[in-house]
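Two complexes are shown next, each including chain A; its partner changes from chain B in the first to chain C in the second.
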Partner chain A sequence: MNTAAFIIIAVLTLSAALAAATLPQLIHATLAFAVAFIGVAAFYFLLGAEFVGLVQVFIYVGAVAVLIVFTILLTRRDPEKDHGFNWTGVIIAILVFGGLVWSILKTPAVAIGAPKIEALTVKRIGETLMTDYVWPLQCVGVLLTAALIGALILVMEEKR
Partner chain B sequence: MSAQSVDQVFLYVKQWLLSLVGGAPEWLLQILSALINIVALLGFFLTLFAAISVLERKILGRMQNRYGPNRVGPFGLLQPVADGIKMLIKEDIVPARADKIAHFVAPVLIAATAILALGIIPYGRNMTPFAIDGGILFFFAVGSMTEVGVFMAGWGSNNKFSMLGAMRAIAQMVSYELPLIITALPVVMVGGSLSPDAIVDAQGGYSLGFIPRWYVFSPWGAAAFILFFISGLVESNRTPFDVPEGESEIVAGHMTEYSGFKYATFFLAEYLGMFAVSGLAVTLFLGGWHAPFKFLEIIPSYLWFFIKLSALLFVFIWIRGTLPRTRVDQVMNFAWKFVLPMSFTCVIAAAVWHLTGRRLSGWLWSFAVVALVYLALSRLLDTRKKFAPRTYRFAE
Partner chain C sequence: MSPTLQFFLIVSAALFCIGLLAALSRRHAIFILIGIEMMLAAAGLNFIAFWRFGSESQQSTGVMVAIFAIAIAAAEAAVGLALVLAVYRHYRTTNVDKLDQLKG
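Now for the complex of A and B:
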């Protein structure tokens, strides 16, 4: 049953990702992108990483997709201007893909069977975040606050 | 039949249904079990939707000193059937320049997210349709997908009123999602779990022998409950926060170009969202399916949940019948200047309550924190505006 689910999700995710890369309308591409995000979240659920899957939906579909939509709406678009085929993009994509394949093949964990780990509960993630990783967490918090304040300053009306 | 078996009657029915296919393999049983849960959930909430749509009109009628629907069936109770038939046979108009796919998928997506959000709520003892570890997170994750749906509706209609309405809706939903999540946070902190079942369990029992241990009876819980309820009102786009579909300004917001059953689907989604957010409020703050007094525990748990849910739904309707619509800037200012700081205060007050031992002294300390911040905020945000004749900037 897991194999069947894997195949269905993989086909859906890949076709959504392909649609996101090829659709002519930017908004359609964004919506296809959101479907791909949901597919990735479904993979996390399949692997038993419930929390990561939920966070994936929460952040990528709920926030990042909406952010992209807003960016498209608030920027100007010139439909006439044709940029031609994007060779730099192809090269970067091939480089990233090659790097990922290389690092996956180099990882020793793929070759040996993974040891049985206890189920990753939300509680354990929370405890780890609040004890071992409390400084990185605080740094991320400061960074996000700075981004929030920066955005506020950008949109603030200038006093005359 | 004992009280306990009445309490679990739906579980027995489900087990009996599953026993009909006794020899089936494990995976088929799993799928069937999930399907039974889904059918029960949909059946119940669609019926409740039909009932509440006529009850709302009746209650609003009573509040405004008129009859409300009373022609179809006894006391107008068959009104939803008539409405449903009307909506089904209406012409479905799609604008010529509309984005057909986005226009079609939007109402489906919005209704689907509302139904998914309903799934994690414990409706009674052992009665959670999808019992998952991070249930509360699931609720908000699914809820955040609504914004994409609203955007698709607004953009797909290719109409400026739709687009304006969608932008307003998204702005408002993003702003109030934050307080909605942060007011749920103290409950998660105190309950020590993201699972709704564990949170309801943590609210069982009675302090001093008669006061139920619901979180709404602690100062931080009461404040968080009110803020959560307000944010829930905004999230479900109900009056007084129905700015996105303000009829007097932008026709019907993102629903302008929808007709027939697609419009009805939006309507359905609004009500299902209302049920979901009320159900979560009951779970988080009002003790879920727990009875308020020991001697009332003979009444089955799901009935208690339903009573609390109905009470909250009545408040939704009551507010709709009482308050006028707010302006866009008022909604946003209220979110960022008042609701958000108060939500953070609730988190701190809950921490204070926990650290001072969850007793009377802790109760008083957390009350002091909430009251102090509330007074300071009301002093800070006081614009000292007096009621005066309105001045117009762009018109005489």
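Now for the complex of A and C:
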């Protein structure tokens, strides 16, 4: 694992995430959101989970970002421009971050390097999904179907 | 020297807190959804980091949980954005502070 690659990806991801959280224009924020998720996928590649990284790029950058852009286009005629910014949230976020970093640095069990492992191939992921995780897989299938139908019902025009 | 587990956990904590900031301080409904997605991604990053650095790395549990978390986050995004659209159609606004009809 490369330290330089880690630093570059971390700076890219966190600055893009900060831009997504603070930019006033929604469409710019969505672009920064997509960049941040490409950074997270790069972390997955760095950690040796290539399949999860690819799934992350397909779903977040390919589907969720496009979905957000469509929602922005459909809700564009919002008369009110200034949506305001609540500074209490900033204080709470900084406090939570301080607490998390303090607890991470105080735990000696997490100060470990990466052991050598054999790569987890897509074939093995597929086999595990179809044997040990077949019930969670079916439940996720039902959940996705329910979410699809629910989203359709929510946005359907009411008959008058 | 290669990065230890602590560095990944700190980056993940930072991503979580940026998502928390977006969810708490922005008043636009889509920004709140973006913040929630970021918090879910931070949790997935933690799962993968613990899987990679764990002693029983031959097991694929961490990867499986991350895949299921991504699938559930996609379902959540679809329903959340549909809710934003439905609310916009009724109230003609996406500002969550204006949705106070149930307030006593």
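In this section, the second predicted complex is superposed on the first by the 108 of 160 C-alpha atoms of A that agree within 3 Å, B and C clash if a C-alpha of one lies under 4 Å from a C-alpha of the other, contacts with A are read in each partner's own complex, and residues count from 1 in each chain.
The rule is short, and it goes like this: a residue touches a chain if its C-beta (ideal position, glycine included) is under 8 Å from a C-beta of that chain, and two chains touch if they have at least 3 such contacts.
Because the structure is a prediction, the values reported are computed rather than measured.
In the superposed model, A:F33 lies in contact with chain C only, and not with chain B. Judged by the touch definition given at the top, the superposed model places A:V55 against both chain B and chain C. Of the two partner chains placed by the overlay, only chain C lies in contact with A:L105; chain B stays clear of it. By the touch criterion stated above, A:T71 is placed in contact with chain C alone, chain B being left untouched.
Contacts of A:T3 after superposition: chain C is touched, whereas chain B is not reached. More chain A residues lie in contact with C than with the other chain of the pair chain B and chain C. Contacts of A:V134 after superposition on the shared chain: neither chain B nor chain C is touched. Contacts of A:V122 after superposition on the shared chain: chain B is touched, whereas chain C is not. In the superposed model, A:V142 lies in contact with neither chain B nor chain C. Applying the stated contact rule after C-alpha superposition, one finds that A:V90 touches chain C and leaves chain B untouched. Residues common to the contacts of chain A with chain B and with chain C across the two structures: 1, 51, 55, 63, 70. Those residues of chain C lying in contact with chain A across their complex are 1-11, 13-28, 30-31, 33-35, 37-38, 41, 44-45, 48-49, 51-53, 55, 57-58, 60, 62-64, 66-68, 70-79, 81-86, 88, 92-95, 97. By the touch criterion stated above, chain A contacts chain C in their complex at residues 1-3, 6, 10, 13-14, 17-18, 20-22, 26, 29-30, 33, 36-37, 40, 43-44, 47-49, 51-52, 55-56, 59-60, 63-64, 67-68, 70-72, 74-75, 77-80, 83-90, 92-94, 96-97, 100-101, 104-105, 110-115, 117-118, 120, 124-125, 128-129, 133, 136, 140, 143-144, 146-148, 150-152, 154-155.
Chain A meets chain B in the complex at residues 1, 25, 27-28, 31, 34, 50-51, 54-55, 57-58, 61-63, 65-66, 69-70, 73, 121-123. Within the complex formed with chain A, the chain B residues making contact are 27, 99, 101-102, 132-134, 137-138, 140-145, 147-148, 151-152, 155, 167, 170, 174, 177, 192-194.
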